[in-house]
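Note that the chains take the letters A, B, C and D in the order they are written out, and that residue 1 is the start of every chain.
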Amino acid sequence: AARQAEFDRLIAQDQRIEPRDWMPEGYRKTLIRQIAQHAHSEIIGMQPEGNWITRAPSLRRKAILIAKVQDEAGHGLYLYSAAETLGVDREDLLDQLHTGRQKYSSIFNYPTLSWADMGAIGWLVDGAAIMNQVPLCRCSYGPYGRAMVRVCKEESFHQRQGFEILHTLSHGSPAQHEMAQDAVNRFWWPSLMMFGPPDESSAHTVQSAAWGIKRFSNDELRQRFVDMCVDQARILGLRLPDPDLTWNEQRQHYDFGPIDWSELNRVIRGDGPCNADRMARRVGAHTDGAWVREAASAYAAKHADRSVVAA
Amino acid sequence: AARQAEFDRLIAQDQRIEPRDWMPEGYRKTLIRQIAQHAHSEIIGMQPEGNWITRAPSLRRKAILIAKVQDEAGHGLYLYSAAETLGVDREDLLDQLHTGRQKYSSIFNYPTLSWADMGAIGWLVDGAAIMNQVPLCRCSYGPYGRAMVRVCKEESFHQRQGFEILHTLSHGSPAQHEMAQDAVNRFWWPSLMMFGPPDESSAHTVQSAAWGIKRFSNDELRQRFVDMCVDQARILGLRLPDPDLTWNEQRQHYDFGPIDWSELNRVIRGDGPCNADRMARRVGAHTDGAWVREAASAYAAKHADRSVVAA
Amino acid sequence: ADALARYVIGLGDDALVLSHRLAEWITRAPQLEEDMALANISLDLLGQARTLLTYAGQVQGQGRSEDDLAYLRSEREFTNVQLVEIPNGDFAVTIARQLIFSAYQFELYSALAGAPDATLAALAAKAVKEVDYHRDHAAQWTLRLGDGTELSHARMQAALEATWPYVEELFDPAEIADDLLALPGIAVDPGTLRGGWSDYLRPVLAQATLTEPQPIRRSRGGRRGLHTEHLGHLLADMQSLHRAHPGVRW
Amino acid sequence: ADALARYVIGLGDDALVLSHRLAEWITRAPQLEEDMALANISLDLLGQARTLLTYAGQVQGQGRSEDDLAYLRSEREFTNVQLVEIPNGDFAVTIARQLIFSAYQFELYSALAGAPDATLAALAAKAVKEVDYHRDHAAQWTLRLGDGTELSHARMQAALEATWPYVEELFDPAEIADDLLALPGIAVDPGTLRGGWSDYLRPVLAQATLTEPQPIRRSRGGRRGLHTEHLGHLLADMQSLHRAHPGVRW
């Protein structure tokens, strides 16, 4: 009870909970679930962009894209590390991903069908991710908050790169412009879904807010995102594919059309365009690499033995 | 001895030996070796051209190329059947190929590096093959001779197609012309080597000639091939890469430069550019397909059992 | 004319892309007879694709040849169903894909053979005989693999599970709603083909001791240019040489 | 100038093609750390390629950019050594290829760092530090795989056997005889690099309990544009998008 009181005090004062601090089991579980899902999203998220590395249309763009996907692997790594401070290990979390017991962001179940998708993912998907993640930098759990600071910094760099890809395409040849518009058409609605279900049907929001994990509601963040994108789309010279998008003087926000939540639910359920391919690639890489990881362990064990013998 | 006399009589009268006829062991072995090597060459020979099927530059050319490679599989099949009339089976012969105990024509150890190679292989490689094979249509062993009639007919069709590919390229854009010339440069000398070592060092020639298996010497066929190609190269508008190539009024043949036999020996020994890749593909396909062949056998066995039970 | 060209291109792309996938098997098949059989099916489909794309080019009336359509469109402009573009996988996946597709194409061509469009009808009447062989070839292998060894049974069942998510797209009229509207009596309502397709497949699967997977509402949209990520790589290879030398003759 | 450009393009192509192969591993590596490490090496090599190809374009003086050279040359115009174009194979093959190549490149760049060509010398001085890391990374994995499990030992040994045929090409002065003649003091005689290369490799292989394969005189000729059949498919994928949209900015 004293420990609970101390925890509550830290949360109330907006101070950080650290790994060695006591925490309620629900808090720990919520964090593990959220951080793991976030980590999984980073590594599955490497695939849609990885799909265009070998075809990047200039060496400069190729270098930027490889570096970006590499950053995502890095984000995955430090998010798994943050989760490990809560007493789980990466191997278990990966196992939960591979067996479908933990999820990753549904946005990565859409295919990348043209180079412009590299732009749309940077601009819209990373843009939405940042919108979601910036508040997490102040998350009550220290290691997660600090990981998010680094992640957000790199993500906002990625978002600018995505914007620049689209800008170049939009102002390039007619075929390039069309490619850019098509990518935005395909990624706009899925990006809006990245903020999760509407507030009235979001299960975790209230408790997470009380624990200082979540600081804004899904709908608040979604609105902020829409407002930002409308302005940027104008600069890009691209249309957002929503006829209902209009400025609401009273709300001082853009109104937007209804979201097809049945689509999101279908994709979450596993029937998105790429769910099966994403999992096949991930599980395949893990399975094919087992002998390599085993070799590394065996070598390390032998090596450790020898040092012991020598000592 | 009576059987030997009858065999000798048939050979002397240029009549055909058939599977049920008695034949000397050496004759049988020579034929098995030669027919098997020929069959192996057909199926390994599918690979260099197979390499360009997915990239054929027009749908018409793609259809022609698939049909050609398919013909080669067909040639392989009926040559294996001809060998089987001598009391071996295909599975054993394939095993000898896969373990390197039987060879295939060294020409297929060169890579196909451009589309023009499809032309050069048709014109030069199939051209040399025909030159070698037409006399085999009169081979003393019936099943082999008859198989060769069919093979030669299709090969000469392939040769014309190859010629046509080169002709189109040679009279196309400068890049296409250069592609054609480059292909001829690379395939000319290896094609001359397809006729085997010079007569003075050819081990099998004398006995094979006596048996009515071989009807012209390596050097005779090679000369005939050179004479034919010089004329055709002129029509193609392409150079043959041999500065010594000149008409010899006295011999009524073209003289040509010395052949680098050390190169041929190296490639036969296994150090050609593609030996390892060719074998890896062949053995890989066979190994990967084992479960399919086993399923077919198991199904056939069940099915046969059932018919027996039913009867 | 636009609608007709669009409809015909979709059918042509189906044939072209599956022909390409089958051609990838050549020199890799489990036995020589299959190198030949798969090449043969590939050639039939390529022939169909050539007729269809040539016809589409004529209907468009802008002088585009079969090669212009095959080699100079992007991934988003191809309108084949997704089923035909998925990678070959093991032999069982290739057979499952072929069984599903050829049985579908058989029903489709049978219907088109009576269509008022003379060109389509003539093509379909000729092609349906080829497709009958393709379907039979796939069915024979389905039996052998399904009722062969324990391993082959497991792989064939897994292959059905892997390919089944692409079935719904074939029969959903919504996928070609515009064509159905614009080409009454010409474009075949794919929903009407499902009965015949099932009637063919079910006994084959049953005899092969295989279980028909549950229908799955996976992704679709191939007819609208929405594809798996596999098609782009296939086209990159297929179009590479043609695109590297614009405007020449081959 | 022609000779210098040709020499520099060969070095640039080595880096470009191997960078591409390593990038193919991304999302397929045995563990996340290796996704990152292989991406890192890929990026270093890509950076070197860009510097080298840009320099070659300047030396040629015909206004060709790094992208013109990377995306608009055919397979016969690429002059990388064959080692870098062979497929990734399993992780052991990738490591063997990297060990052989990085140890070679380390010696080469060390020599070039003292070359009279200021641009090459500056590039080499910077890049040799990157390559030192690549070499070490490959050596560490060679130890782990060679001296890890029985399976990994077998695979690592097999990987050495599979890659060794491509070693001789690296060190044969005849392969770049024209460059050596035309660029005395600039082009490095590759024969002189073999000693240092062996001195680095042998102890690694010994410690990893691996056997150095016999030297094999396999095919060569990458520097003259003679390649394995694998390079063409790599370039088809790599150049597809760039070639589909001639002359635009990206």
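Definition applied: a contact is a pair of C-beta atoms (placed from the backbone, for glycine too) under 8 Å apart; a residue touches a chain by one contact, two chains touch by 3 or more.
No experiment lies behind these values; they were computed from the predicted model shown.
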Chain centres computed over CA atoms; the one at greatest distance from subunit B is chain A
Can you give the whole-Å distance between the Cα centres of subunit B and subunit D? 36
So, in whole Å, the Cα centroid of subunit C is separated from that of subunit D by 41
Contacts with 2+ other chains: residues of subunit A: 55
Of all residues in subunit D, which are in touch with two or more distinct other chains? 74, 236-237, 240-241
Tell me the shape of the graph of touching chains, choosing from line, ring, star, complete and other. other
Chains touch in the following pairs A-C, A-D, B-C, B-D, C-D
Listed in rising order, the residues of subunit C that touch subunit D in the complex are 74, 233, 235-237, 239-241, 243-244, 246
Can you list the residues on subunit B that touch subunit D in the complex? 48, 51, 55, 111-114, 179, 182, 266, 271-274, 276-277
Subunit C residues within the subunit A interface of the complex: 74-76, 162, 165, 216-219, 221, 225-229, 232, 236
In the complex formed with subunit C, which residues of subunit B make contact? 43, 46-47, 50, 53-63, 66-67, 69-70, 73-74, 76-77, 80, 115, 168-169, 172-173, 175-176, 281-282, 284-285, 288-300, 302
Quick one: which bits of subunit D touch subunit A in the complex? Just the residue numbers, please. 16, 20, 23-24, 26-36, 39-40, 42-43, 46-47, 49-50, 53, 66-67, 70-71, 90-91, 143-145, 147-149, 151-152, 155, 237-238, 240-242, 245, 248-250
